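Single-structure report; data block below.
Letters A, B and C name the chains as they come in the text, with residue numbers starting at 1 for each one.
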Amino acid sequence: MSTPERQLAVSGVTMRFAGLVALDDVSLSLKRGEVLGVIGPNGSGKSTLVNVISGVLAPTSGTVVIDGHDVTAVAPPIISRHGVARSFQTVRLFRRLSVRDNVAGVVRKAKRPVDQIVDEWLERLGILHLADRLAGDLAYGLQRRVEIARALATGPGYLLLDEPAAGLNDTESADLERVIRSIAEDRELDCGVLIIDHDMRLITSLCDRLQVLFNGKTIAEGIPSDVRNDPAVVEAYLGTRPSPAKG
Amino acid sequence: MTVELLVQQLINALSLGSIYALLALGLAVVYSVLGLLNFAYGEIITIAGYCMFFLVSGGMDFWYAAIFGVIAAIATSLLIQLVAFRPLRGAPANAVIFASFAVSIIIKALISNVISPRPRGIPVPSWVDGVIQLGSFRLPILALITIAIAVVAMVALTWALHYSTPGLAIRAAAEDFTVTRLMGAPAGRLILLAFVLSGILAGIAGVLWIARTGSVSPAMGFTPLLQSFIAIVLGGLGNLRGAVIGGFALAFIEVALQVLLPTAVVPFTAALTLVAVVVILYFRPQGFSKLAQERVA
Amino acid sequence: MNTFSRRRLRNAFITWAMLATVFLVVTLLAEFVLDRGQSRMATEFMILASLVVAIQSYVGNSGLLSFGHVAFFAVGAYIAGLAAMSPEKKEQFLPNLPDWVISLEASLPLAILIAVIGVAIFAAFTGVPISRMHQSVIPMATLALLVMTHTVVNLWDDVTRGTRGLVSVPDLVTTWTVFATAVAITGAALLYAASPAGLRLQVVREDPIAAAALGIRVAATRFTGWMVSAVLMAIGSAVWALNSLAFGPEQFFFAQTFSLLAMLIIGGTGSVTGAIAGTAIVSVINESLRGLERGFAIGPIQVPELPGLIQLVVALALLLLLIWRPAGLFGNRELSIPRRRR
């Protein structure tokens, strides 16, 4: 690759767990500033995909390339340094640390005082007033925001959000949508967003493109309006009742 | 080295390995359910030993006393769970670990004060120390008994883990304890069962250990604790097969060092075994088998 | 420097000033008010507090219980003792030492420096494999480290005099040097906890998997904490050795480990303040039971010597305390100015 393209590229990834194929030859690409939605019924391999990209799992085969660097099966901290940040489907905060320290703890290099940087992220996520509370004490919806603030504080080029709207009420979900959009449109951040969610309204209004997983395979991709009407998708995904349970 | 000597050391390593494997299984069973190591594990063996000591001193046959020793081990294991683990469910790991360490200290201090700080001998039936002469090979009877009992115990355990419902639950926990833990805290019954199983395994291993050493002392539990820990780390955490593999691996390393090292450094064998283990772990941090994949749903 | 949080630094500094004041009061009492015996106890309290704080800087920030710090304690104490011992005494008691060790007669600062270097090397070698292990086995691995170190100290006659221990270690320590040590170690521990490296270790303590996914190198972070803590431990050990004059391997084994960790856990592993408070509490229990342990009479009944009574009482108290307050008395809280209400 002569001029490495600024994108996150997953090609032909297969992930096998003792007999079970969680991902089967999945490819995707995510550009800076783009919002990609990954949808699919529970157990279709969405979280596994995020785990593979972020280095938590090493894929059985296939590659993950970030901005031209092959980072397949590289340790998570190094992948993070290549600009990938993520949230977890089941929120994983540093529970006995303050909200502020949750964010400050992952700031790597700082051109300005770290307190200032942290405050700005908290402000942006609308949780500055909670800065001194213990993260584990917050309500679920607020914990989700801390998780996003924390991911952004690592200075990512690619933000992976695993069901960030699950368990949120309508207002919270609308707020979240605004935040994610502002991140994607922020030229200075220059960050691509991969979002997994079951809320079709949120996904359709937020995403530039959609990719649908089913049983570990990509069964459709394209702009939201096309994907929604794709017969295979209707059959596989929309046909089954989208359940709010965690998968 | 002659073939005869080699075979003898091999049997020695196998019998020591059988004990270590049982010990390691007992520690691993609780570990796989709770994700915590029981620092009072060695005292299960200590109590079994003293129970046998009193019965044998009172005139009971060694092997009858051994049965009571195993029962005492189960009781001790349950007591430890009741005092150190149960009241601290959900507490930070440090607190639970230290509580079990405190229980170990209490048991040792009690034995020192109430009985004696000095070691006491347990007379082992003399036929046990004999050898079977097979051609030019001399096979120590105790080693053969040890291997036989351990094999029976492990077969029984394997059967129970595959064909009984509670056994299956334990096995599921052991195979992938992070998953089991994600599905909520393990049920009280499962924990209880793990401690019973742990007591049985430690009890059997303890009896064989005592038959080998022929004495009891307040601090006798420490070596078994350390060896079982090394074994489960060597074998790869969080799976029971690994504990067995690690137990035998450790015994072979230990016997090999004893045979190969010059006499001057033999007192350092334990320390050198640890160094050997650390070197192995340095190159294979996960031990001989892979750690169950951390699952991050 | 930008990654240092001003806020955390300021809080650490306030706590430090308050704890230093406590040590100052203890020192002044020891110098001007208390009798010789009490003053000696006050000095010992400050040395023990330094050691417990040193342990806290690893255990508290990493959330990993370490039984191995007493191994650092042993290595630091022996190195400092050997470095400071006069050449004549070394000729007399340890004739098989290499000549350059025999000829050395270190001052207090030099003895501390040599102990720090020695312990740091020891900690680096042991810290690399230990930091890479799964967190659930690190406590047991550190226990193994303790046992291995004890075995070597016990058997290495030419250097340690084995079970007979070191004697004729010079007394190079005054109450004021102990004060300075305690204040310095406390300050360093608070500074580390407030630093970006300390915060990262706390982050790893809370969730190593999330921490790694957000760019934190878990093993390296743990290793840093291990080294910081070992260096602090070495300083405390050297001062302890040059205050103790004679010591043997049994002082660096289970009883000592239990006692130091009990102090830490009773106060709460999460804070430096707790470590110091726990040291004070256990010291008081120890002193009040010491008489009983030697045997006593109730009327005509002579109660015999009860070795291990203190341990038993502390262990029981500790179990009860843990059930009542699993995070210890202070939890994660440090001494500080009460926050203004908003």
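Rule of thumb we're sticking to: contacts are C-beta pairs under 8 Å (C-beta built on N, C-alpha and C of every residue); 3 or more make two chains touch, one makes a residue touch a chain.
Remember, it's a predicted structure, so these values are computed and weren't measured experimentally.
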Greatest Cα-centre separation from chain B belongs to chain A
Note: of the two pairs B-C and A-C, more contacts are counted for B-C
Dist(centroid_CA(chain A), centroid_CA(chain C)) in Å evaluates to 44
Taking each chain's mean CA coordinate, chain B and chain C are separated, in whole Å, by 31
Two or more other chains are touched by the chain C residues 209, 213
Residue numbers in chain B touching two or more further chains are 294, 296
Residue numbers in chain A touching two or more further chains are 56, 88, 92
Per the touch rule, the chain C residues reaching chain B in their complex are 59, 63-65, 67, 128-129, 132-134, 136-137, 139-141, 143-144, 147-148, 151-152, 155, 209, 213, 254, 258, 261-262, 265, 269, 306-309, 311-312, 315-316, 318-319, 322-323, 326-327
So, in the complex, the side of chain A touching chain C is made of residues 54-56, 75-77, 80-81, 85-86, 88, 92-97, 100-102, 104-115, 118, 150-151, 154
Chain A partner, complex, touching residues on chain C are 2-8, 196, 199-200, 202-203, 206-207, 209-218, 332
Counting only contacts in the complex, chain B reaches chain C at residues 31, 35-37, 39, 83-84, 87-88, 91-95, 97-99, 101-103, 105-106, 108-110, 112-113, 117, 222, 226, 229-230, 232-233, 237, 267-268, 270-271, 274-275, 278, 281-282, 285, 291, 294, 296
